[in-house]
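Each structure below appears as structure tokens.
Each of the next two complexes has chain A plus one more chain, namely chain B in the first and chain C in the second.
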Partner chain A sequence: MKKLAGIVVFTVGLILLYGVSSLDDFPSWGTPDSPANKSPLSQYFIKNTIVDTEVPNMVTAVLADYRGYDTMFETVVIFVAGLGIFAVVRVFEHGGASRVVTADTKPDIIITNTCRLLIPLIQLFALYVLAHGHSSPGGGFQGGVIMGASFILVALAWDLDIALKRFSEKQAFICSGIGILIYAGFGLASVFLGEEFLNYGIIHKILPGVDSPEMARYYAMLGVEIGVMFTVTSIMFLIYGLLATRGKMTAGL
Partner chain B sequence: MEIVAATLILLGIVFFFGAVIGLLRFPDFFTRMHAAGKGDTLSTVLIIGGFILYNFSQGGDAANWNVLVKLCFIAIFIMLTSPTSTHALMKAGYESGNDPETLDDEEPEEKEENVS
Partner chain C sequence: MMIGLWGMISKNNLIKKLIGMSIFQTAIILFYVSVAVKSETANIPILPHHGHDYSPKIALAHAVSDDHENGGHDDHAGHQAHPVGPKIPDPDGYANPLPHVLMLTAIVVGVATLGLALAITQKIYREYGTLEEDQLLEKVRADDHG
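Now for the complex of A and B:
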């Protein structure tokens, strides 16, 4: 059986290697004539992103502006994933039937002190990644994951009750909803000012200190990323809490 | 300066090699974590130190200083977090009943090796 599996893996691997290497319809690595690069759409983005939005990082501009609908509903997908895990896993203890998981060990002094030192820095770094999404790799999703990890670290180093005292289940759900509302709010604001949904350029009429549509798009992207970060942070933390405690949301691990 | 940097990086790789051998050859969980934790921390810091020195030798324009400060931060954080995570793993292993191997355990293990 093992030999058979080995043969199958080997053959499939060979076919894949043949497929990606020797056929002529693939362009060679890094060539400027590749179809993805030659299409008028990518040429437009390469030439006009900095003119349209003042954002040096094309990826962020495409993600949060040109392709704003997609990113908005990606955020909704994350929200729905959190809701789905909540609906499937969460157990409310009505009777005494369910087994109560208690943390039987005290939090370790070395671990807690290192976490005390590191968690503020992690959160600061999360904000840096968020705010630097315009000019370097980063953005709302990545910053949100780092921020969520800092809360998970609290839950790991002490226990979930202490983490929930700082960021309760209810607050987490409210924050995840607020994140989507911030995103949709930027879209709706541009609708009310007379443009299409998520066409941020028009917001410069109400943003103080911003006089050009380009800078308005720049700042609206930052706002949208902040919304994404709210959602991702709270849903990350919720998913960890729910899965680690089998839906009881007390003590844990 | 570049020679010193290269020496540091090579030294780091030697320590990494030691950590890998320790991870594979030591008999139980605790000694393995000991090799992995110590070797990993020291070698990563040495390699990053080599990077820092190399960066330093390339001159001091703005981009280089940017990289240098980031590398220093990475080294500091690895020195903080790597021993802590090793400690956490050790404690978790000890509390979940993973007893360290002692002299008493040695003979049966040798027998097992002979059998296999």
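Now for the complex of A and C:
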């Protein structure tokens, strides 16, 4: 079995190598003239994001505006994954009091104090990554993961019960739902103002202090990224909690 | 990439298969990002925006203001409101943003699938007490007959 697998993999690898190296129609690495780089779509994105949306970071602009549907349902995928993990591994114990606190489960003083120092900084950095997703690398997903990591750090340094007091399971699910609703809300707002779903430009009519559709797109992108961040933060924390405790959601590792 | 594929096919342990899947995924992500590369000419796909003195040389040297070619500027009323107006960037001066976006999506979906896969693996372990595939098959068959 293993030999067969090895042969199959080796042959596929050889075929791929042959396709990459010796056929002429594969463009050389890093050339600006490759079909992917010359395609009208990516050229349009590079030329027009700043005109259309005022967002210097093209990746954010494409992600949250041009491909708004993709990102929205991606957020839904995250949410559904959280729900799926919940459905698969969650067990409810009604007896309670099964948790035994022994001496070695006590949180270490050095670790907890370091975490006390670090966690606010991590969360601040997460917000920075979120808010600067327009002008530097970053965005809702990245900021959300960093924020989720800060909660996971609480759960690791103390234990999951302490973390759950800050951010309970129910709150996490509600937050992840709110995130999607924020995203869809921006889409629906543009529907009610007379544009297509997720065509944010029209929102400038109701946003105070925003007079052009481009700036409205800018701020709407920030809005949907906040929505994404809500979902990602809470689902990351939930995934950790459920997997680390085998679905019991108490005590943790 | 092939290491990942081999891991997925030949390993017996489900967790090892998942590791193989992750390697496979990462390899494909790397491949897509490498498609976006324009070596020598290109910068990261973020336009310069920090005042006047911040200017990537290449991007500005290539910057052309062919407003006529791009068309469609008339329906952007806000465009005229700016005193200078944004320069149209040269496509060769920036890495291709589209693969980056697609791979951002792929990474996120990868996290979701990996989490779900781990959850299912955990459930399997709780149910059957093993993660080795052959033992698992035996137990499933025994359950079916018994």
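Here, the second predicted complex is superposed on the first by the 224 of 253 C-alpha atoms of A that agree within 3 Å, B and C clash if a C-alpha of one lies under 4 Å from a C-alpha of the other, contacts with A are read in each partner's own complex, and residues count from 1 in each chain.
What we mean here is this: a residue touches a chain if its C-beta (ideal position, glycine included) is under 8 Å from a C-beta of that chain, and two chains touch if they have at least 3 such contacts.
On a predicted model such as this, the values are computed, not experimentally measured, just so you know.
Peer 1: Once the shared chain is lined up, is A:D108 touching chain B (first), chain C (second), both, or neither of them?
Peer 2: In the superposed model, A:D108 contacts chain B only, not chain C.
Peer 1: Chain A residues in contact: does chain B have more, or chain C?
Peer 2: Looking at chain B versus chain C, the one contacting more residues of chain A is C.
Peer 1: Applying the document's definition of touch, where does A:I78 land relative to chain B and chain C: first, second, both, or neither?
Peer 2: Second partner only.
Peer 1: Can you list the residues of chain A that touch chain B in one structure and chain C in the other?
Peer 2: In chain A, nothing is touched by chain B and also by chain C.
Peer 1: Per the contact definition, I'd like the list of chain C residues that touch chain A in the complex.
Peer 2: Interface residues on chain C, with respect to chain A: 1-2, 5-6, 9-10, 34-42, 44-49, 70, 73, 76-79, 81, 86, 88-92, 94, 96-101, 104-105, 108-109, 111-113, 115-116, 118-120, 122-123, 126.
Peer 1: Quick one: which bits of chain B touch chain A in the complex? Just the residue numbers, please.
Peer 2: Spelled out, the residues of chain B in touch with chain A are 77, 80-81, 84, 87-88, 91, 95.
Peer 1: Note which residues of chain A are touching chain B in the complex, please.
Peer 2: Going by the criterion above, the answer is residues 105, 108, 110-111, 114, 117-118, 121.
Peer 1: What does chain A use to touch chain C in their complex?
Peer 2: Touch list, chain A to chain C: 1-2, 5-6, 8-10, 12-13, 16, 29-32, 34, 36-37, 39, 41-43, 45-52, 56-59, 62-63, 67, 70-71, 74, 77-78, 80-82, 84-85, 88-89, 135-137, 139, 141, 211-215, 232, 239, 242-243, 246-247.
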